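Sharing a structure, written as structure tokens. Questions coming.
By written order: A, B, C and D. Residues from 1 in each chain.
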Amino acid sequence: MDYQTTLETVSQQVLSEPTRGKVASYIPELSKVSAAKFGFHLTTVAGEDYCVGDSGERFSIQSISKVFLLTRAIQEVGPDLAERVGVEPSGNLFDSLVQLEYEDGIPRNPFINAGALVVCDLLLSVLRHPKQDFLDFVRRLSNCETIEYDPAVIASELALSHRNRAILYMLKGYGSIKNEAEEVLDFYVTACALAMSCRELSHAFGIFANGGRLLHNGKSVLCQRRVKRINAIMLTCGQYDEAGEFAFRVGLVAKSGVGGGIAAVYPGKYAVTVWSPPLNPKGNSDAGFRALELLTDRTGASIF
Amino acid sequence: MDYQTTLETVSQQVLSEPTRGKVASYIPELSKVSAAKFGFHLTTVAGEDYCVGDSGERFSIQSISKVFLLTRAIQEVGPDLAERVGVEPSGNLFDSLVQLEYEDGIPRNPFINAGALVVCDLLLSVLRHPKQDFLDFVRRLSNCETIEYDPAVIASELALSHRNRAILYMLKGYGSIKNEAEEVLDFYVTACALAMSCRELSHAFGIFANGGRLLHNGKSVLCQRRVKRINAIMLTCGQYDEAGEFAFRVGLVAKSGVGGGIAAVYPGKYAVTVWSPPLNPKGNSDAGFRALELLTDRTGASIF
Amino acid sequence: MDYQTTLETVSQQVLSEPTRGKVASYIPELSKVSAAKFGFHLTTVAGEDYCVGDSGERFSIQSISKVFLLTRAIQEVGPDLAERVGVEPSGNLFDSLVQLEYEDGIPRNPFINAGALVVCDLLLSVLRHPKQDFLDFVRRLSNCETIEYDPAVIASELALSHRNRAILYMLKGYGSIKNEAEEVLDFYVTACALAMSCRELSHAFGIFANGGRLLHNGKSVLCQRRVKRINAIMLTCGQYDEAGEFAFRVGLVAKSGVGGGIAAVYPGKYAVTVWSPPLNPKGNSDAGFRALELLTDRTGASIF
Amino acid sequence: MDYQTTLETVSQQVLSEPTRGKVASYIPELSKVSAAKFGFHLTTVAGEDYCVGDSGERFSIQSISKVFLLTRAIQEVGPDLAERVGVEPSGNLFDSLVQLEYEDGIPRNPFINAGALVVCDLLLSVLRHPKQDFLDFVRRLSNCETIEYDPAVIASELALSHRNRAILYMLKGYGSIKNEAEEVLDFYVTACALAMSCRELSHAFGIFANGGRLLHNGKSVLCQRRVKRINAIMLTCGQYDEAGEFAFRVGLVAKSGVGGGIAAVYPGKYAVTVWSPPLNPKGNSDAGFRALELLTDRTGASIF
């Protein structure tokens, strides 16, 4: 498969189509990013890299970080996680409180905000230095020591996290989080403020394509059984309210973020990340979604 | 891969575990089936068959038929289907009317009852002899001319379809179905009353493993792109309220029915059907779910 | 109190204001009525009558009939009614199925459609000739032997009662109705198709102002305790989704119908009916609502 | 009417019936109150007082304070309040976030927690010294200068107000409150921590029976039109999820609190307060509800 040509052809087609969607503005810092940015990076399980455009430029990974949080939590607590958060698609918006009320404070899955906050609470309880530990973990996954949290994004988001505070206090009311709400929020907002490039994300997501082994040295981070489970949750719950449509049109395991990134995985084959800030009405990168759809169409290969 | 040994080992383990779940009783005719029945049949894309137990005995496929209905509808109307029914997980029970009311009569996906009823309505509008056409279609897929509808199941269910009538009249109120409610119900109940064996179902589901081509003669029934889409919907919406858990633990594309059957697919590899009537609280075959989980665990291979 | 002058002044003011709202069109027969009709009739507990405009012309009372159905059912079964239908405001639309699903088929109150249908089911089970019995009952309350059901309205509505059929089959699924769905629907639609004038409605509603005694002969139809209860349900649940606003601005016990009528009661003082077909967005007569608001403002007297 | 004898007879009957319900325990300080307390105090618009039992002992009025908050807000901002909070029964629990999410942060009415919090936010914006002003206001209504906030209850509740914080941050997210969440919470919890006796509450609620004029000096606090409106909201929304049942069985305007108090009004006749700490499953004083039911049954008079 000539991935380089495919990435280039797909990019040309996507960039030739009219731009749709809007750059996220609810976090003021994110709205400063140019709508014209476009990065695309694919890494095979054999370690080959293919890239197009701004694939080396860092952006705010936001909700993509929920996958790293979940992975770290599964490493620490394993199957016990199931008592605290479910694995079913929510059928509701990612920041909805409705289902949480009907289901007594147990979040549907770890990728809606409520679920990710419970995962953060759990990590806060077991890690000695949660922020440093988590940063080290992501650096190790992507084999890159310079990855950092973006303090401007953290400050910008903390000032406006009313909805997440509402979710946290609701969880607190149900006894679903053990630490202080503000402490959990701070860790969550920090974790989502990781700045990474398409290249770094593809390398990090390599473990989900490679049976839990790091691409650069083959060391195992996660057993195959847990990789399967994380991939399954990404597929059924990874694209906010659009997981079905994404599976339907793209057919890859993936997680998106409001920074405009989508990190995707074809288990056994490759990890691929695309970045384009304008979001569709469901909150997913419009051009990113389209690029991945064209990728699986042109290669004629998807998990389905 | 020695599938025969794997099927046998898995079956022994499943049958050695205590029986849980209850045979469906809301359709009186279904409650007459012995809880002890157990069939398991795997067919590879190369056409090899492996089987255990009652894999040749026919049972009521019920909701598994929704996959055949969807496939037939996509053949007839293609992408226009998207205007009538969505592809997102519902996050609600399969027979819920709540979301239908909130979303103005557009069903979330074709595997909840509301969605399957819309698919039936659509087929009624385009097929000259819907019941015969649909029967011929399923016979062709499974390469078996003796498959029939079970009239006792049809009669038993029609007398008690209050909830489906409620859904139908609600759809009618929103203009989401064009034909008479009773006519749509009759076709739907009939289609779900197909009696098929694990062997026949595996053969029919072969098209979803084999890029849309029939296993026995290689003829194309569906293009690869549509196979991908149907498989995606099965994965995200195929197991009632338990799609996430099923993807998480099993990692195959699948559709279950209250008759105790689960037909599953590993694209590019095999189709496999398991049948055990006792259902777990979510309405899926308890032993069937477990058998498929052990199958992907032991073979170490799933779509994830 | 000079009620005649008050009615006239109020009517002039209401009719001088710009017309808002739309005549109900979902029942084709109702849409034929002139939007310009306006009737206003007040009857004191002493039996004095005051009227303005088209107060002697009959119109389709529609949901106002739910009060008569409830009254007749309480006569027959008394407190047992409480097992079949609640007395709480629903907080949802009058034809919603959402709450019915969440609350297992027990309607919130007898004035939403689901509740009125359960009341009809109950009357069908206990009355020998339900339609004739109910007609005789309303004739007796209003002291008028010529009141009739309107067959054109019945036919017009029956053909389009999809939503009520959905509610009925849902109730049937929960075991909340005992008779056949179509039979209950037929009785319900017939009862709502009573044609009555403002004058006749005011006379009939006199029992709710007069401690359960008929205005024309003082005979008791209902004990004071039951009058209190029916009036309470009218106040909290009588104006569809606008019961709070109506209590807030008008302060009378009342029930409205999509035919544009509102029958209201000031217990111990008077019954008053107003009719003007254009409905506000909540389904209540716009000018009728306004006329009653001005009536209690000008007289400076309401139940509050 | 011999109210003294009626109060005594009713009290005897209520106290002879088996005790049901439980003293509120979610605020630890409230759980210290004896379940055996029982106070009953009626004040006529002529200023006559009738009392039984612990009617002079102060208790935590809790949600009854929402009526005073609403009254004070209407004095300050009048009809503009309608833009910030509705007047419809919610049909949901008093602390639900579901409807708030579906209706974009506009609370259904001022007596559910979300609505009362918006009222508090509004008072914080317009009053110079909100706590002192509000205390002075309630002292004036009840003609008693010794009424105070209970600091132990305030501290006890503030430590556990997770759910109210969730509501506040959700409101903040919708822009429905202008002040800081913690500031609003502090004022709300303080206002609910007023300690008053049945006697003091009956005197204060006298304005709602007396057309807005203070019982002890006839001075007008509120115009008749606003009294009507506040009474209407109390009737349709004053008893949590049990407003319909309360109107149905009692037939008085009233507001309850989890401290076990219910303050009720028969407009034009009397105000009456009953206190008994054990609460029924809906959160209303069980014996208090029963006492008021017997009061209107025995006197044969209610607003209906």
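For the reader, a short list of remarks on this structure follows.
Keep in mind that, in the parts below, contacts are C-beta pairs under 8 Å (C-beta built on N, C-alpha and C of every residue); 3 or more make two chains touch, one makes a residue touch a chain.
Since the structure is predicted, the reported quantities are computational estimates derived from the model, not experimental observations.
Steps from chain A to chain C, minimised over paths through touching chains, total 2.
Work out the mean CA point of chain A and of chain D, and you get 48 Å between them. Between chain C and chain D, the centres computed from C-alpha atoms are 32 Å apart. Computed centre separation for the pair chain B/chain D is 55 angstrom, with centres defined by C-alpha atoms. All chain pairs that touch, listed by label, are A-B, A-D, B-C, C-D. Residues of chain B that touch chain C in their complex: 96-98, 101-102, 162-163, 165-170, 172-173, 181. Within the complex, the chain C residues that touch chain D are 86-92, 99, 108-109, 224-225, 227-229, 231-233, 235-237, 241-245, 247-249, 251, 253, 267, 296-297, 300, 302-304.
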